[in-house]
Structures are given as C-alpha cells and as structure tokens.
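Okay, so chain A shows up in both of these, paired with chain B first and chain C after.
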Partner chain A sequence: MKPVVGIPRALLYWQYFPLWQSFLEGIGVETYLSPPTGRQILQDGLAALGTDVCLPVKVAAGHLLALRDRVDLILLPRLVSAARREYACPKLMGLPDLVRHSLSLPPLLSPVIDRYRHDNWPLIRVALAVGRRVGAGLPAVLRSLARAVECYRRYLNLLQAGYFPQEAWEAAGAGQAPDPRAPAGDVVALIGHPYTVYDREINLNLLGRLERAGLSVRTAEQVPEATARRAAAALPKHLFWTAGQQAVGAAFHYLEQEGVVGMISVMSFGCGPDSMTGDLIARRARRGGIIPHLSLTLDEHAAEAGVLTRLEAFLDMVAAQRERGVVVCG
Partner chain B sequence: MKTYLGIDVGSVSANFVLVDEAGEVLEAVYLRTRGRPLEVVQEGVAALAKTADHGAVAGVGTTGSGRVLAGLVVGADVVRNEITAHAAATARLIPGARTILEIGGQDSKLIIISPGGTVADFAMNTVCAAGTGSFLDQQAARLGIPIEEFGAIALEAQTPVRIAGRCAVFAETDMIHKQAMGYGLPEILAGLCEALVRNYLNNLGKGKDIRDKVVFQGGVAANAGMRRAFERVLKRAVHVPPHHGVMGALGAALLARAQTGPGARTGFKGFDLANRDYRTGCFNCNGCANQCEVVEITQASTVLARWGDRCGRWSRAPLVSGA
Partner chain C sequence: MRLTFPHMGNLWISVKTMLDSLGAPVVCAPLTTRRTLSLGVRYAPEGACLPLKLNVGNFLEAAELGADTVIMAGGCGPCRFGYYAQVEQAVLDDLGVSLRFLVLEPPEGSARELVGRIRAITDARSWWQVLGAVRRGFVVARCLDVLERRAQSLRPREVRPGAADQALAAAEKIMAGAWSSGAAPAFRRARALLEAVAIEPERPVLRVGVVGEIFTLLEPFVNLDLMQRLGRLGVEVSRSIYLGEWINEHLFLGLYPGIHSARGVRKASLPYLGHFVGGHGQETVGSAVLFGEKKLDGVIQLLPFTCMPEIVAQHVLPSVSRDLGIPVLTLVLDEQTGDAGLTTRLEAFVDMLWGNRGGICA
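For the complex of A and B:
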C-alpha cells in the first residue's frame, strides 16, 4: 500500500501546491493537507521554534506538527534554487534539517530542488526520487509529471489573469482555461512572499480588509515572471533571491501601471531578504512620490491595533491622493 | 454657536478638545488613561461638561488606540486613526508644515505632508518603545526628577554625554556608568534626549525625506530638551505648536467638523454619558480552534457592541438585551 503523504499548508505550499498535488495524485498517492493556520497551529509553531526564524517558518512548524499523527510521510522539499544563478532564502534551504532536529515528525520526503546550475532537468530527478520513495513506477512518474507541469502552467496563467491561489488551483485542477478578470475599481498592489500575502492568520487578513475597503488587490505572483524580471533589471545589480526578484520586479511594474492607487510591502520580521527588497521597493515608490506606499512588518508580536491603525492611515492617504490635492482638513 | 468635540484615547493619556466652528480651541482637557479607557472617557466628558454649552455640540470625533471604544461610548460621528488626526490638526495650526515628529507615551510617529496638505508618507514605531515618552519617563523616575523639570535641566547642559540609547534597558546601564564617572545631571539628561532622537530617527526616519517646516508634537514635545536635541540632530528649526499635547484630539474634532456638514445630525450621546454605567467584559468563543477573546461592552445590561472575533460570529450578530 502506498503511504499517505502530508503537505503542510505553509511556505512553498502557497506557490507550488497545484504542481505537487497533481503529481502525487497522478501516481496514485493519497495526500493529506494540514488545516488552515489557526491559533492552535500558531501556538504549536511558536512553542516548537523559539529561535530566530521568521513567523512564516514558525507557522510552518505548527503545520508540520498538525500532520504528525495523520500521515506516513511529509513532503517538505528543500528548495535551494528555483532559477539559474539565484537562490532561495537560507531558512527555506535549511528547513528540513531544522525541523528534523527540533520536532519529532514522521519521515520527511525532502527532495532537493537546485536549479542554480541547470535550469530544467532537476525537476525530473525530483519526481523520480519521490516516485521511488512512494513505490510508483517510471512510466507513471513521467506521465504524471507531464500532467502536473501542464496543470501548474494553467495555474500560473490563471494567476496572471487575476485569480488568487486558492481559486486558481481549483480552476486549474478542473482544467479551466483562464477567463481574464479585470480589476473592479482602484488597485492596491500587495507585495510580499506568497506565504505572508495569502495566509490570513499571518497577515491579519490584510487582503480581505483591502477588498472590504472597496479596493482591488493585485499581488506579485499575478505579474508574469518575464515581466517582473524585465522591471527588476532597472536595479543596478541582479538580485540573487528568486522571490526578491519577483517581488521587486512586480512592484516596479505596478508602480508604472494606470489604476494602481497604492502599494503595501508586507514583510516578515527577521527576514533578511525582505529587509532588503522591502526597502528597495519603498525607495522606488517614494521616488515617484505619487503612489502611497506602506511597509508592514509582521511577526507574532504584531499587535492587531497597530496594523489596523497603519492600514487605516494608508487608506486615508490613498483616498486623499485620489481626490488629488484635497487637504485633509481646512 | 456650534462646537465640535475631539477625543484621543491613547495608551498613556486621554485628551479632550472642544473647538468652535472656526476650529479654534475653546477647551482642552488632558488626563492619564491609567489603563481604564472607558472611565477616562467619562471623566473627560464630565470635565468638559462644567463649562461647555451642552446643546452646541454638532459633531464628535475619536482617535487613538482607544478610538473604537471611545467612539461607541460617546456616539462619535468620526472614528479615525491617529495619523490622519494629527496631520489634520497640524495642517490647521502650522500652515506649510511638511514633517510631523510626534512622540507620545508608547507611540511615536513620523508623518510626511505633501505640499497640498495631505499625508504623503508615514511611519510608526513597531514593537519597541525605546523611542517614546515612556523611555524618558522611566529614566526621569530613576533619577528622581519630575518629568516636567526634565527639559529645563537638560537645556543647562554644555556638552551632552553620549548615552547608548538603542534599548531602554541598556540606556539605563550606560547612564549609571556615566553617573559613576562623574558627569553632571544636565549633561546626562541632554544625552538621553539625543539618544532618544537618534533612536526615533533610526527607527522611523530611514528613507524619509524630512523637509521644512518640521513640527514636533505629542506629549514629549513639552520637553524643551527634546526639542533642542531634534534641532541639533536635524540641523533645522523645529516648531512646537500651541496645544501640542492634544493634537490628536484637536484633529479628531476638526475631522468631525469636516464630516458633519450643515443639516447633519450628530450621534453625540450628550454630556450626561458620564453618569451612565458602562461595563466591559470578555469571554472566549469556543466556536472553532481560534478561540477568539470577544470583548463585550454593556450599558445597564444592554449589550452595545462586541468585537475581537475574527469570523464575525459575535461582532456581526444582532445585539440582544442581557438578563
């Protein structure tokens, strides 16, 4: 019997879930997804990793613990590099080791994804390694990988058509072709790692709050990679973090777009790459001087009141800008 | 004559301002919050009730960390964040202001105003209070100096001593050391002011374009030593507006004035709200794994509002009278 594979609803899940899910399904593996982040997961994660890691990594520990008694294996790829001459964040690279030694977990399925030197073939190697581990034959692995890559491509197209991850992978799984969604109303660009932007528990439901304020939200993943890379090329030096490339490139792209009335950089406290890319974005936004920009740094100590005050002030700024030149008060 | 009431309930102080139709301050009340926002709102309104024209209030605005609670109790027409409120007050009192340095009890803000008078950018301190009034309060208390005299003593300094001010705890260690070395009190106090200013600018000022006029407000602006430290570090004049300690409340009053146009009716519950019996309670919702702590505000066993839940099960539920 094939093992049940657990997937933590954290970190890379927010980027690659459709790829993983489609592949595992194709080779006949049953998957189990940890529940959405809630207080219990947060508390378990904080208790398990008291070290100097960012909140999303602590949350990931909580998700891994939530899988503990339910699965035979946990899929936790070690992402070293997602693109040539670029790296992932060091905490992601070290994550499998970190949790293996500090939490007691079922065996980890941690294929190494390293495209630093070669762009494409490691994916096949990863698929074969995973297939071997769960007892799937070569033909099934190859067939399933091709299907998963196709599904992932559909997913990316849906994101770029204006969908958010959850709805995009549901649609991609159903084989739906993208039906472009024009933003309804003014757009606020919400820039950050997918796991901070989409996990409502980590970001105090920022996305929902912006939508409730009557704004359309656009994120970094919704900008095609090639567009983001072209925009990020405006930097004097190539950024060697893939996620940073996407964030900075997408932000620069949005700053040039009609209809974008504001930008929020949402960052994790203790994140090295964020401290750098967030600042690059803030400086660029300020240089233009037209689009209000807000930097939000989040961790488990981020008081809701403080975040809401900043958000409200930001929305006031956006409203004042839209009325162009109307003084707040006589 | 119409009047407008502004209330700013902060972590350390709660301020109440009554302005006339032209936006001139008629009355200002400054109270310590003492961790009891509900009581202090009632107390402040009662203080204003003595002199105010009871029928004249045409609009009420609240701001500060306790703005939602205060707004509920007084029946506010406008509930706005502190940043917008401070900017509104400054824009009125100091025309041409481009930079606002605001330091309160546990909060500090830096607000950049556009030439058009709108908020263009801002920053607020995050989890650390090392660049705020509480830091000065702490150290003044340790040295046995009333906080009111702090500024005047600091101004006597010839050469401020450099104090390690990155963290309030380490600053204390360094101050003890400097005292033991024999530095004078004025020099140490002036050094403390500069340490706070450095902290503030490092935390909030990075990447911000600080332009004239620079306005310094908030409770800490009463400290002349702090004003001089800002002037020394920024190398430009720093203006402290009249009513600098109640700018948030003034801004809230002005925003209420802007919001409640002619014909609009205010939601103000009247000055006798001081005599009503408001209570806050809290319970854990067991609806899901989130276990939200729900706050409940009641008046004479009628639930006025609930909040604190993430899903809206309580905050959006119709309110029913208790037993």
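For the complex of A and C:
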C-alpha cells in the first residue's frame, strides 16, 4: 500500500502546491494537507522553535506538528536554488534539518531542488526520488510529471491574469484557461513572501481588508518573472535570492505603473532576506516619492491594534493622494 | 582617495598592514564603541543583522575622520553578507554621506571588473608589489592567530590575573607596527611577551569549543570579551574559526594555498546538516561534532540575532549534544545584550561543566 503523504500548508506550499498536488495525484498517492493556519497551529509552532526564528518557519513547525499523527511521510523539499546563480533563503536550504532535529516528526521526504548551476536542471530528478519513495512506477512518474508541469503553467498564467493562488489552482486544476481580470479600481501593491501575503491568519487578513476598503490588490507573483527581473536590473548588483528578486522587481515595476496608488511591504519579524529587500524597496519608494509606501513587520506579538492603526493611516494617505490626483487632472 | 574598511576584531591590523605596504592612504575607523553601535542602530535597516549595523557605524565614524572610500569583502549569497555593501551604500547615500565602495568579490561579469577595483586601490604599483603587500597582510593575520591561540591557553593558567591579556594587547600593538619593521622580527618580539607570562601548568582547566558566526566570534565588542571572560573562569578556549582562514576565504577568494581547509569540518557536519546553508552554519555544526569527538567539556555557539545559517545550526546542535554527550550553550547576541545576563549564563554553564568533571577537580 502506498503511504499517505502529508503536506504542510506553509512556506513553499503557497508557491508550488498545484505542482505537487497534481503530481502526487497522478501517481496515485493519497495526500493529507494540514488545515489552514489557526490558533492551535500557531501556538504549537511558537512553542516548538526558538524565539529568534522567523514567524513563517514557526508557522511551518505548527503545520508539521499538525500532520504528525495522520500521515506516514511528510513532503518537505529542500529548496536550495530555483534559478541559476541564485539561492533560496538559508533557512529554507536547511529546513529539513532544522525541523528534523527539533520536532518529533514522521519521516521526511525531502528531495533537493538545486538549479544553481543550470536553469534547466531537470525536475524529473525530484519526481523520480518521490516516485521511488512512494512506490510509483517510472511510466506513471513521467506521465504525472508532464501533467503536473502543464497544470502549473496554467496556474502561473492565471496568477498573472490577476487571480489569487487559491482561485488560480482551483481553476488550473479544472483546466480553465485564464480570462484576464483587469483590476477594478485603484491598485495597492502588496509585496512580500507568498506565505506571509496569502496566509490570512498571520497577516490580519490584510488582503481582505484592502479589498473591503475598495482597493484592488496586486501581489509580487502576479508580475511575470521576466518583467520582474527586468525591473530588478535597476539594483546595483544582481540579487542572489530568487524570491527577493521577484519581490524587489515586482515592487519596482508597480512603482512605475499607472493606477497603482500605494504599496505595502509585508515583512516577517526575524526574516533575513526581508530586512534587506524591504529596505531596498522602501528607499526606492521614498526616493520616488510618488505613492504612499507602508512597511509592515508581522510578528507573533504585534499588537493587532498597532498594525491596524498604521494600516488606517496608510489608507487615509492613499485616499488623500487620490483626491489630489483628481484635482490635478480636473 | 582615503580608504577605510569595516572593523571585525583585530582584522584592522592586517588590512592596515596591507594597505600601508601599498602606500595607500588609510583612515582607520575608531575601534567599535557604544557610539558606533548607536549610529548603526539609528541608520541601518531595523531588521538587519548586527554586523551590518556596526559596519554602518564604522563607516560614519570613518567619514567623520575624512575617509572617502570603503574597501570591503562581498559575496554571492545565500547569506545577507553578500548584499551588505549595496544596502550600506544606499543607507549612506540617503544620509548624504558620500563614500565610494570598492567591493572585493567574485565578479558577476568579467574578471576585469575586479581587477579594475583592485587597480583603483593600488594605483600604478606593479602586480608584484601588490602581491607582496597582500602576502604581508596575510602573514600578519596568521601571526595574530598564533598569538591569540597562545593567549587562550595561557589565560586559565596565568599566575597573575590579567597577565595574559596584557601581554596579548602589547603583542598586538607590536604586530600593528609590523609593516615597517617586517613581520618576522615583530612576531618574535610579540611572541616573547606571551612566553614571558608566568603560568601554573598543572592547574586543572576546562576545555570549551567556541563556534558560530564569524563576526560575533572575532569582535570582542559584540561578544562582550567572551574569550577573556571564559579564560578568567578557568576555561581554555578552542575556536572553530580564526581570522586568517576568514581572510583567505573572503578577501582572497580562497586562492591562498596551504591553509587549513574547512572540508573536514564540513564533512563532520553532514550526518546532522545535510547541506550547506551559507555563512558558517556547516562549520558550526561540524566543529561541534569534532569538539565532541575530542571530548572537550562543552561547546558555546555565538550568533547575532536573526542570523540565518546559525539559526539552522542552533536547531541541529541539540542532536549533536545528545549523541556525543557534550553540553552546548547558545548565546544570541544583539544590541541589547547586557553584561549581567551574559555573566550569569556563562557562570552557570561553566559551573555545570565543572560539575560534569566530578571527581577530577573536587
């Protein structure tokens, strides 16, 4: 019998879930996804890891613990590099070791993904490693990988057409072609790691709040990689984190975009890359000085009231800016 | 052009030796103090790691003394260090402090870029002279390492408290003047000072390995003189990294031959940490394993708050500790780390280690 494979709803899940899910389904593996982040998961994660670990890794620990008694195996890839001459964050590179030694967990399935040397480093290696471990045959692996990659491509297209991950992978799974969604109204760019931008529980439902305020939200993943890379070329030196490259590039791109009336950088307390990329973005926004920019740092102790006050102030600034804009044009 | 560079322990002695031998005008930033720290904390990004904040402080203080160019190492990830120079330059630019940055790192494009940067420092001097200067700086670093190692073994055994540190300070001063008199004679004089320290060779001492992030290991301002404190508590310190190795790795791009290589250390880490994670994460774990195998009494890990590779290592070390039966103490250092707290934790740890020795010293 094939093992039940657990997937933590954290970190890379927010980026690669459609790819993994479609592949595992294809080779006939039963998967179990940890529930959405909630109080219990958060508490378990915080209790399990040291205080100076970034919030997203603590959240991930909570999800891993939630899988503990339900699955035979946990899929937790070791992402070393997603693109040539670039890296992931050191904590993601070491994640399987970090959690394996500090939490008691079922065996981990941690294939290495390392494109540092070649952009076309074959994904088939990961697929084969996973297939071998769960007892799937070669033909099934090849077929499923092809289908998964196709599904993932549809997913990315949907993102770029203005969908958010959840709706995009539902649509991609159903084989839907993107029907472009133009932003309805003024746009606020919400820049940060997918796992902080989309996990409502840890960001006080920022996305929902902005939409309720009558704004359209656009995120870093919705900018095509090539566009982001072109915009990031304005940096004084090639940024060696792929995720940071996308975030900075997307931010620079949105700063130039008409209809974008504000930008929020969502950072995590204790995040190394955010401390650098967030600063680069904030400086650029300030130097440009055209639209309001807000840096929000999420942490488990952040007083909700404090964050909301700052958000309110930001929204007021955006509103004032829009009014002025109308006056100028009028 | 007036060159300056960031501080990291006594790195300045060998960098200054190198630049002086080239005849390049140098403005040494004042050694790191509370003021340096508060400047850095004020202007550097809030979430940046401590070394970046101190670099910014050093540069601002050097600029006050007339420096106009920074020379520093760089890198290409995955750790923040590889983007330090760019963020620091942005901070200074926004403050209106104009410092030019010459970053010595593997070039992105052609090797010409790097050559150009080196040329900007060395002017018309021949490559032969440049190599000579670099070698000198490096020899000085290696000498400093030897002196420091010697002091680490003297401290817990010295007859008169503080004698070893006095001798070490005097020895370092001699080495700081070495570029004019030549490294070899200076080193002989410096070492003689340490050899003259009276010790009690039979006194029982604890042996503790200190591992972790390089800056916190080398900069006494940040680790609150950890090595001296341990010495006073009767501990002979072994370290995972020394200055010379770091220089070879970061300033010479690992080109200098015949240096103790970290390969064996990394290999020792593999059962626990299956992949390189940037910085010195693997070296930290590997050194802890080797110290455990050598039956040292304990290991202390140092890291700046939020240091990514060391956080990975920190979470792996409990397994090393359990498997090899070696106690591990992790000290996270940040701008608020206070004297009192550190002393209490160190003393408790050292007491426990003496307790583990049981019969030996009772």
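The criterion applied here is as follows: the second predicted complex is superposed on the first by the 321 of 330 C-alpha atoms of A that agree within 3 Å, B and C clash if a C-alpha of one lies under 4 Å from a C-alpha of the other, contacts with A are read in each partner's own complex, and residues count from 1 in each chain.
By our rule, a contact is a pair of C-beta atoms (placed from the backbone, for glycine too) under 8 Å apart; a residue touches a chain by one contact, two chains touch by 3 or more.
Computed from a predicted model, the values in this text were never measured in an experiment.
K.L.:
Is A:R283 in contact with chain B, with chain C, with both, or with neither (first, second, both, neither)?
P.N.:
The answer is both, since A:R283 touches chain B and chain C.
K.L.:
With both complexes overlaid on chain A, does A:T297 touch chain B (first), chain C (second), both or neither?
P.N.:
In the superposed model, A:T297 contacts both chain B and chain C.
K.L.:
I'd like to know which partner A:V112 touches here: chain B for first, chain C for second, both or neither.
P.N.:
In the superposition, A:V112 contacts chain C only.
K.L.:
Just checking: does A:E312 make contact with chain B only, chain C only, both, or neither of them? Give me first, second, both or neither.
P.N.:
In the superposition, A:E312 contacts chain B only.
K.L.:
According to the stated criteria, A:Q321 is in contact with first (chain B), second (chain C), both, or neither; which is it?
P.N.:
first
K.L.:
Could you look at A:D199 and tell me whether it touches chain B, chain C, both or neither (first, second, both, neither)?
P.N.:
Touch partners of A:D199: none, neither chain B nor chain C.
K.L.:
After superposition on the shared chain, which partner residues are touched by A:D274: those of chain B (first), chain C (second), both, or neither?
P.N.:
second
K.L.:
Give the label of whichever partner, chain B or chain C, reaches more residues of chain A.
P.N.:
C
K.L.:
Of the residues on chain A, which ones does chain B touch that chain C also touches?
P.N.:
Correct list for chain A: 269, 279, 283, 286, 297.
K.L.:
Write out the stretch or stretches of chain A touching chain C in their complex.
P.N.:
Result: residues 49-50, 52-54, 78, 80, 85-91, 93-99, 101-102, 112, 235-241, 267, 269-276, 278-280, 283, 286-287, 297 of chain A touch chain C.
K.L.:
If you look only at chain A, which of its residues touch chain B in the complex?
P.N.:
35, 38-40, 205, 269, 279, 282-283, 286, 289, 292-293, 295, 297, 299, 301-303, 305-306, 308-310, 312-313, 316-317, 320-321, 324-330
K.L.:
Would you mind writing out the residues of chain C in touch with chain A in their complex?
P.N.:
My answer: residues 45-49, 76-80, 82-83, 86-87, 89-91, 94, 108, 272-279, 281, 305-309, 311-312, 314-316, 318-319, 332.
K.L.:
Going by the contact rule at the top, pick out the chain B residues touching chain A in the complex.
P.N.:
23, 65, 80-84, 87-89, 91-92, 116-124, 126-127, 207, 209, 251, 254-255, 257-258, 288-291, 310
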